[in-house]
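What follows is a pair of complexes built around chain A, which joins chain B in one and chain C in the other.
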Partner chain A sequence: MPQNQTPAGRPDRPALRRARRPARRYSAQAAVYKNRRPLWLFLLPAFTFMGIYLFYPFFRNIVDSFQVIEGLGMPAKGLNDPWYLNYSKMLTDPVMRTAVLNTLLLMLCTLVFQVGMALLLALLVDRAGRGAGFFRTVYFFPIVISATALGLLFNLIFLYDGGMLNQLLQQLNWTSKNIDWKGEKFWFSTMTLPVMWQYVGYYFVIILTGLNNIPAELYEAAAIDGAGPWQLVRYIKWPLLHNTLCTCLTLAITGALKVFDLPWTMMPNGMPLDKSWLTGTYMYKQTMLAKDVDYAGAIGVFIVLLGVLLSQLSQRIFRERDE
Partner chain B sequence: MRSNKVKPGQTRPEPARGSRAAVSPGQVVSYLVLIIWALTTIYPFIWVTLNSFKPKGQIVSSSFSLPIGASFTLDNYKVAFQRVDVGLAYRNSLVISGSVTVLVVILAGLAAYGLVRYVFPGRQWLRNLVVAAMMFPVFATIIPVFGMESAWGITNTDSMLLTWLSIILPQVAGNLSFAIIVLMGYIRSLPVDLEEAAFLEGYGAIRIFFKIILPLARPSFATVAIFVFLWSYNDLFTQMFFLRYKETFTITRLLNEISSQAGTNYGLMAAAVVMAVIPVLIVYVILQKNIIKGLTAGALKG
Partner chain C sequence: MKRKLSALLSLATAAAMLSACSSSTASTTTAAATTKAAESSAAEQTTQQEASSTAAATTEEATTAGTTAATGGVSLTVVTSFGGDDGNRQNYEDAYTAWEAATGNTVKDASATSNEQWKAQVLSDFETGSEPDVLFFFNGVDSNPLVEGEEVVSIDEIREVYPDYASNMDDSKLGASPVDGKNYSIPTAGYWEAMYVNKTVLEDAGVEIPDADTTWDEFLTMCQTIKDKGYTPIAVSLAEVPHYWFEYTVLNNGSRAVHEIVPTDSSSEEYTNWVNGLNDIKDLYSKGFLPENTLTATDAETFQLMADNKAAFAIDGSWKMGWFFGSTDEDGNEVAGNVDDVSRYTVTYVPAKGDRKTTDMIGGLSMGYYITRKAWEDPEKQAAAVSFVEAMTTDDVVGKMAGGTAVTALKNGTPAAENPNSLVLDALAMIKGSTGTVSAVQDNLSSEQKTKLLVDDVKLVANGSITAEQAVDDTLALAK
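This part shows the complex of A and B:
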């Protein structure tokens, strides 16, 4: 982000502060903003809000994850015994392990298939030249739809008895029996495909913007050198997309940790047989159904740690280049 | 964040790439792939719309037929409005998401303006705080927020107003940092001359904000407003915590209820999906440029 500012913290001169005439100007700071009294009015409401509803609860949650809380909305009743109880529980909780593994797997799938598909589509649109606007509009549409509605829609599609997919397969005579899409065999793809499908358009738009930012001279130079379409991708588009793809990587990691609505609508309660939990849905279950509120808080802390750790790690590995 | 070789405003001329034939085989394949993916995006919505006009039995037996003649029915929608009261849910959604949007836009606008135009000690620190706030997932704050609001007595009450308040406040907080970051980017790009001129006319900072900044930055305010509205409308997780009684349900919360309660009433499910999608579809068709910009703005600003 460009910052056109005078060095922060420069001491203000009282005389200037009160000046009601076009005083000498210091670079970007206009005379009107010398008087800092109204500043409170601008900053206080938003930051009070964030303080009460984000920063305080965030730290409160960390503290509470070491305490006994007997119900949602109840005050803490002293430390757990031992104080790290919830965290040691997390290590031995087999369902938590499932949830973490599923989340990591979902993350990997989003990276490979979602970003991969988006990259493929963006390169194709870029090459085809026309219709970019149309495809952008169409591909982006599922993102604005509530994931709950999509979950319901996919429930109808993956229905065991007479769902769209089973009907289609039977009409094509590929199978005569109904396939249990939410059963032990297919539950993972049934759960992740809609999540991935929904957000392909998001990465598509980001990558397409990145492609449009590649300067024209590079293409001209490449054309003079006689580069074919594959060489353009390999030697110009791919390297110059590096930073855009890094952004997508971070987004995919943080995005996978936030997934809740779609899996919860399609596979409530970890069906089948506690297999489909994700960190988010499991945290919800511990709060609302199992009523183990402090454990749920600890899971919330864990989600934050996992997100920070993984996005830092990925940035170390695929560091953004400043060419 | 992106490559710094970017030159804004430069568009690429249609280069002579590959063959010069009108349509090369490569292009045919490209379009084929693109169109197939477009179909996977559009078709499910068409399919569910068609099926929402069919009696329940036909959805599970002949879901690919058109709802014409005897198989056309409006029963699913009648049930939706009479038994489930979708109308009430629309109203709740509108009130809640509308209030969240208005509050976020005002608070974030003021804060972004202050953070961009004023120079003061600790400014960079506050800006970093805003960026950090964007990283807090709702999972890590929801339990204490609920506890706090319970202590204030605004959760689990019979009062519609208090219930609304209990969901509006956390949703506002959840969207503020994103909105501030986007608006800061835009306000920073506005020339300061106009504000100085207004100052010479005797305007104070507050009047400048409302009379100059607000009108000039209208496009980015619109972008933020749409984003916030959609996010709030779609956000099931927070709504599951604070909306417990049927009369307070929003569309999204109601959909979740239908998916767990409707059993085998697939017609009702199809109709419910269509009714949740329609308002968003209309808004999307009219404002898609703003929407796409708004939803990707956070990502591209980094």
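This part shows the complex of A and C:
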């Protein structure tokens, strides 16, 4: 007998009403999800913010890069002659060439040392068992310190006269004279090392989370099959980390294009002798010091194009695959 | 109901973001300044409460402090060059904290060390509409954009409302704007540039202290002797502050009469003086008389060599005196200087060559307090800004800043230093023996030209990467 009928065969209306209630509630909830208007309302603030502070300045900057602007906030004095002057200047500017090469080199170092070191540390901490939380905090810690503070810290470490590194080397009798770590010989490693050190923790946490997501059953099965630590890495962790590593590499490539504060604090004005410029620091110099705002705008456009190009390239190379 | 609430929240978030955009809070120029501003902001609330309860007393105190009566509770953003290790930092802090206590107003101090980057940042703040209320800045060509853009208020305009403004100053010495010849800023202490000497290093090297008769060639011989003894003859950062050496090497190749003239083309006498001056710096570098890391060091790093008895000479301004012997804080406590024994240091003329007399010096009144148009047109801030500048330029404050040795625009003349130490006495003797003073030629260069010449190119000339002619040509090209 159907549940909602009385013994006489008539429908039990109160029971039917009770039975319909959940269905009505369900359909009301579904209607909320079907109605897209609240969704737009929630998206509106973020969209407005992005429109005002990101997209408008970006497109405005493209226009400005073709005009003559001699200071921030100053009105344009018409189009450059020829209108593409800043872009042709970029091709012949030796400092811009240095900046692009340095940025690409920094990107390469980021891929090899930041992500590579993060992977190594994550694999070790993943096996550590006890104390893993401690190491996680220690390695992540540099991320929370401001880049300017880190720059000042490393300035003291690399100080020529009385710096920590020079004192240490002299105490160990490895050198009798001070070494100019920011000089022509060592400037690249002096600039790159702190940048690498700062962000290793960031990728370390991402990779460690990826490792934690690998089911324990796989390790157990591998252990039963007699797999050692190296085989675990080679045949279980490495393949299952593929997508996580792809994300890290894409983030590292795009992140390297934005590096600015730490190199600027440590090696201002292309120190030494215009050798340490990066695209970001050179754009800042052209805007704030040289007051060539339209040229800085053109450099900005170039940085965005380079970023789009490289991130597309990295997504093709490090294509994520379905698990 | 939920939807209405959600819509309300969304609108509130959007409104909050948009209202943040229209905030008129002035930007601060440095990270340190931001921190300071945050601290001041917190302090402001407390001060406002205190100020309201003691309004009558505050007005009385303000008047006795020589200031125009200003309503308590006003917060002024002030940018000066008395930041970092400036010798007058303590005097500046003492003066503005005394003003805060007297008026109940607060200062958001965004001071920094003066260099080309700082100057560019200050001008950018004006361009982007985030200028301070009061600015201590250069009165030469550097200030042209501020005057041309009517971003600062002339003293004549201020006196129409506040007739006693800067009445303790001699108007003819204030440093009129190159744009229209009007006075816009009130200077504290002027400056002279001279050579500081480390007596300990010189004694150990067996070298006499340079005096009014020392020639450039004799100076080079001294440097060689000092270098052979294992010391650094000259403490200078070509990466950061080659300015003083540029001034004196150019003066050495020209004369007081033409020093302030910026060359127009390669056929002019001044062009040759600049090229020869830059080549003299290159000569000092190639002879190994400068610190080994002079192309990468900061000014603070190289000057520390003087304190550590590792370097013999350093050219700097009168403002550097306080760096050696410290100062006295608001409570009368001695603030230590950077050297153990100030009597082991002296200051003297920069050795000369050519037509220049060794006793010809670089100096003048190149900086002063400006009130910005923004503060002047703000009814809440106008009186406070006037009061602040008056308090910072009283005879007493200016006297402390001058340290008894610097030039001032005070009608009553520079007050004598109390209990002068040996360095102050040496400076006074040097000023007394000076045969003439000329302003720095770089004050007549635009910010972009100075950046090109002094930040970008001097070190490249010294290193041989570019020629002196190239550096001067590049700089002059920016004027066109």
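Miscellaneous remarks
Note that in this section the second predicted complex is superposed on the first by the 277 of 323 C-alpha atoms of A that agree within 3 Å, B and C clash if a C-alpha of one lies under 4 Å from a C-alpha of the other, contacts with A are read in each partner's own complex, and residues count from 1 in each chain.
As a convention for this text, a contact is a pair of C-beta atoms (placed from the backbone, for glycine too) under 8 Å apart; a residue touches a chain by one contact, two chains touch by 3 or more.
The structure presented is a predicted model; accordingly, all values stated were derived computationally and were not measured.
Superposition of the two structures on chain A leads chain B and chain C into a clash. Touch criterion met: A:L159 reaches chain B and chain C at once. Look at A:Q167: by the touch rule set out above, it reaches chain B but stays clear of chain C. In the superposition on chain A, contact is made by A:K291 with chain C only, not with chain B.
Contacts of A:L240 after superposition on the shared chain: chain B is touched, whereas chain C is not.
In the superposition on chain A, contact is made by A:Y219 with chain B only, not with chain C. When the two complexes are overlaid on their common chain A, residue A:G183 makes contact with chain C while staying clear of chain B. Contacts of A:L273 after superposition on the shared chain: chain C is touched, whereas chain B is not.
Considering which of chain B and chain C touches more of chain A, the answer is B. Contacts of A:I52 after superposition on the shared chain: both chain B and chain C are touched. Overlaying the two complexes on chain A leaves one chain C stretch of 59-67, 131-139, 275-283 or 329-337 clashing with chain B, which is 131-139.
Counting contacts as defined above, chain A residues 38, 41-42, 45, 49, 52, 72-74, 146, 148, 159, 161-162, 268, 288 meet chain B in one complex and chain C in the other. Interface residues of chain A facing chain C in the complex, by the touch rule stated above, are 38, 41-42, 44-45, 48-49, 52, 71-74, 146, 148, 159-162, 178, 180, 182-183, 187, 268-269, 271-274, 288-291. For chain C in complex with chain A, the residues that touch the partner chain are 3, 6-7, 10, 13-14, 17-18, 21, 31, 116-117, 120-121, 123-124, 127-129, 145, 239, 291-293, 295-297, 301, 304-305, 308, 310, 447-448, 451-452, 455-456, 459-460, 463, 465.
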